[in-house]
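Labels run A, B, C, D, E, F, G, H, I, J, K and L following the written order; every chain starts at residue 1.
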Amino acid sequence: MSKTYKLIELVGTSEKSYEDAIQNAVAQASKTLKALSWFEVQQMRGAVRDGKVTEYQVILKVGFKLVD
Amino acid sequence: MSKTYKLIELVGTSEKSYEDAIQNAVAQASKTLKALSWFEVQQMRGAVRDGKVTEYQVILKVGFKLVD
Amino acid sequence: MSKTYKLIELVGTSEKSYEDAIQNAVAQASKTLKALSWFEVQQMRGAVRDGKVTEYQVILKVGFKLVD
Amino acid sequence: MSKTYKLIELVGTSEKSYEDAIQNAVAQASKTLKALSWFEVQQMRGAVRDGKVTEYQVILKVGFKLVD
Amino acid sequence: MSKTYKLIELVGTSEKSYEDAIQNAVAQASKTLKALSWFEVQQMRGAVRDGKVTEYQVILKVGFKLVD
Amino acid sequence: MSKTYKLIELVGTSEKSYEDAIQNAVAQASKTLKALSWFEVQQMRGAVRDGKVTEYQVILKVGFKLVD
Amino acid sequence: MSKTYKLIELVGTSEKSYEDAIQNAVAQASKTLKALSWFEVQQMRGAVRDGKVTEYQVILKVGFKLVD
Amino acid sequence: MSKTYKLIELVGTSEKSYEDAIQNAVAQASKTLKALSWFEVQQMRGAVRDGKVTEYQVILKVGFKLVD
Amino acid sequence: MSKTYKLIELVGTSEKSYEDAIQNAVAQASKTLKALSWFEVQQMRGAVRDGKVTEYQVILKVGFKLVD
Amino acid sequence: MSKTYKLIELVGTSEKSYEDAIQNAVAQASKTLKALSWFEVQQMRGAVRDGKVTEYQVILKVGFKLVD
Amino acid sequence: MSKTYKLIELVGTSEKSYEDAIQNAVAQASKTLKALSWFEVQQMRGAVRDGKVTEYQVILKVGFKLVD
Amino acid sequence: MSKTYKLIELVGTSEKSYEDAIQNAVAQASKTLKALSWFEVQQMRGAVRDGKVTEYQVILKVGFKLVD
């Protein structure tokens, strides 16, 4: 039986780093989707205030297996 | 607490303009998703008949905040 | 019997809007090609003079069915 | 009344061919989404073992009409 | 004497496979263009009905030598 | 004597349309740059509130001739 | 009255340089198309034999105004 | 201990299909590289003679684990 | 009154991380541009010496509001 | 102390070659920017009249170090 | 005498960060290639298990000077 | 018997032109690889000092047939 996966697109945010932003998005999505198994970074952005980076934002696709 | 957003991809259509096609897609999606807050145009296409544009089609991604 | 389509690339112009520029290109091309059925926007540009947009330019591909 | 469509992103797999991988993904998705009407291939990948292709993987977007 | 080639863009269709869709477009174009010598796939799409792929569509560029 | 041009990147906004957003950015930039002569659209985005588009945003490059 | 332009895609070749390859393609195309007015380079390739470049190949789009 | 992989780029050819072209490239490369484990299709091309496709060509990247 | 923003392109560097390289570029640019409000990562590169990464380099666009 | 660079985008022109067009743009920009240190070609275009290339146009980004 | 460089493509992995994944790939490659001098990030991916990122994966190109 | 080709990525440099930079890279690579048969330009860059281009740099892929 062949496997099928679905990809959803998320934006994760963090004040600390892109790795933390990815982890935050993955953690939030896994509350309702248990089978998340990989991700692909699409874009990296961020917010600035008073000459300082205040937020790292990462757009990512997250993949998971569809249950038959 | 960090925020996480989700992006969904829609195709809006209109006989009038791309702005109208975007508004139609946003209005349709907001029937079930209340928190839509931004969109990004991906592609613009359309249909032609008898030498006239009969439909403007816009592929767009729409983003909204995931509720914790 | 399978269908085959051809795509040609045009630049339409208008002083009013991109929708009008697309319509102008489609109308001009349909003088010699009757079967135009869809288009895809490739790029949007324009001309400026004295701080005002004087021309909207749209590069588009237009598709039509090849007759057997 | 204008139509709105949604695009979802899937990964289909097959031991035989890309066409079969697409068909598998479409069949799996159509269990819950009845109105699937077109797809667009995004990427083609695969797995190798002992110098032989063991799995064809295709990332595709599938579109369907949103019901009013 | 240097050679010059022209590229035209076609959409081929088939109920069976992408290879068949390419062959169909090439055969149709060669009715009027005898010197077709290579092609490049641009995009792969398709139609779905009732959870089954009903048509494979391939957008391709086909090149041929211009006669002096 | 050869000509040299410079391109700057702007984001224009409007509540009405993309054409208006482009015109707004061009008008604002022409306050300090008199020789603006063409533009190229890079991306189209927008803001949504309560299921309605509240702002069209266009990222564009604007070109002008450098004075010798 | 608005203007419409058409873009065709050519491959020019030369043993000397890319500029010469472009000029060769433009000269060949202008035998049948009198109104060629601009071009855009799409890709640059070439052939090698015995450790020497034997041919420069340039894929370019050439634009010309459609006569009303 | 972290793993590192290397990607090499190949062009596979076949008179039959893209799947066969991929398999041919993978089989050829596996004569000297035993650990090939995945591939990613980069481009699909082909040759035409007398209105028939005579060769399918696929550019692909193939990945394998570097031995410590 | 509509808002207009400008985007400038910078390369930030750091011996520590990409986040630090971004912060360095933002801090340097904010010496003369007070209103920096967001950034978008364009490319990530770096320098290597003796098998060690000695510098992380990030190309980013930084946006700020133009004052009326 | 980390270094920061800025990239500006220029269009250079020449009747002779792309290398000459690049040199022209670099020379013109260096009248006001002394620290130019590298460039990246973005696009190559040109003008045609009477079947001859009359101008080579190159869009390039030029980078220079920001002084602390 | 002109210099020539070669680029190879690697995938580095780490449980900690992308910077660590890059460093791991560079260190592994430098066991056999002594002259590595720069890298360019191509793609960032990762693995997820039980709602946590378990591996950061970075595809990068690494450049080094060819010895005459 | 099907043919398989390999592509390697090189950076060629020259003080004179891009054609010379390509030739330099091809000549250097052909010292160890005898069967080089085509190349594809990936990117064009260069170095600047005192307002003059001091080096043209071209990133190219070079293809050659794998011996059975």
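Some notes on this structure:
Keep this in mind: a residue touches a chain if its C-beta (ideal position, glycine included) is under 8 Å from a C-beta of that chain, and two chains touch if they have at least 3 such contacts.
Worth saying up front: this structure is predicted, and the values here are computed from it rather than measured.
Shared contact partners of subunit B and subunit E, listed by label, are C, D.
With steps allowed only between chains in touch, the distance from subunit A over to subunit G comes to 3. Set against the Cα centre of subunit E, the chain with the most distant centre is I. In the CA-based superposition of subunit G onto subunit I, the rotation angle is 120 degrees, rounded to steps of 5. Taking each chain's centre as the average of its CA atoms, subunit D and subunit I sit 38 Å apart.
Averaged Cα coordinates give subunit A a centre that lies 22 Å from the centre of subunit I.
With touch defined as above, residues shared between interfaces to two or more other chains in subunit E number as follows: 8-9, 17-18.
Pairs of chains in mutual contact: A-B, A-D, A-I, A-K, B-C, B-D, B-F, C-E, C-F, C-G, D-E, D-H, E-G, E-H, F-I, F-J, G-J, G-L, H-K, H-L, I-J, I-K, J-L, K-L.
Considering their complex, residues 16-18, 43-53, 56 of subunit J touch subunit G.
Every residue of subunit F that touches subunit C in the complex is listed here, in rising order: 17-19, 22-23, 26-27, 30-31, 34, 36-41, 62.
The touching residues of subunit J, counted against subunit I in their complex, run 2-9, 61, 63, 66, 68. Those residues of subunit K whose C-beta lies close enough to touch subunit H in the complex are 8-15, 20-21, 24-25, 28-29, 59.
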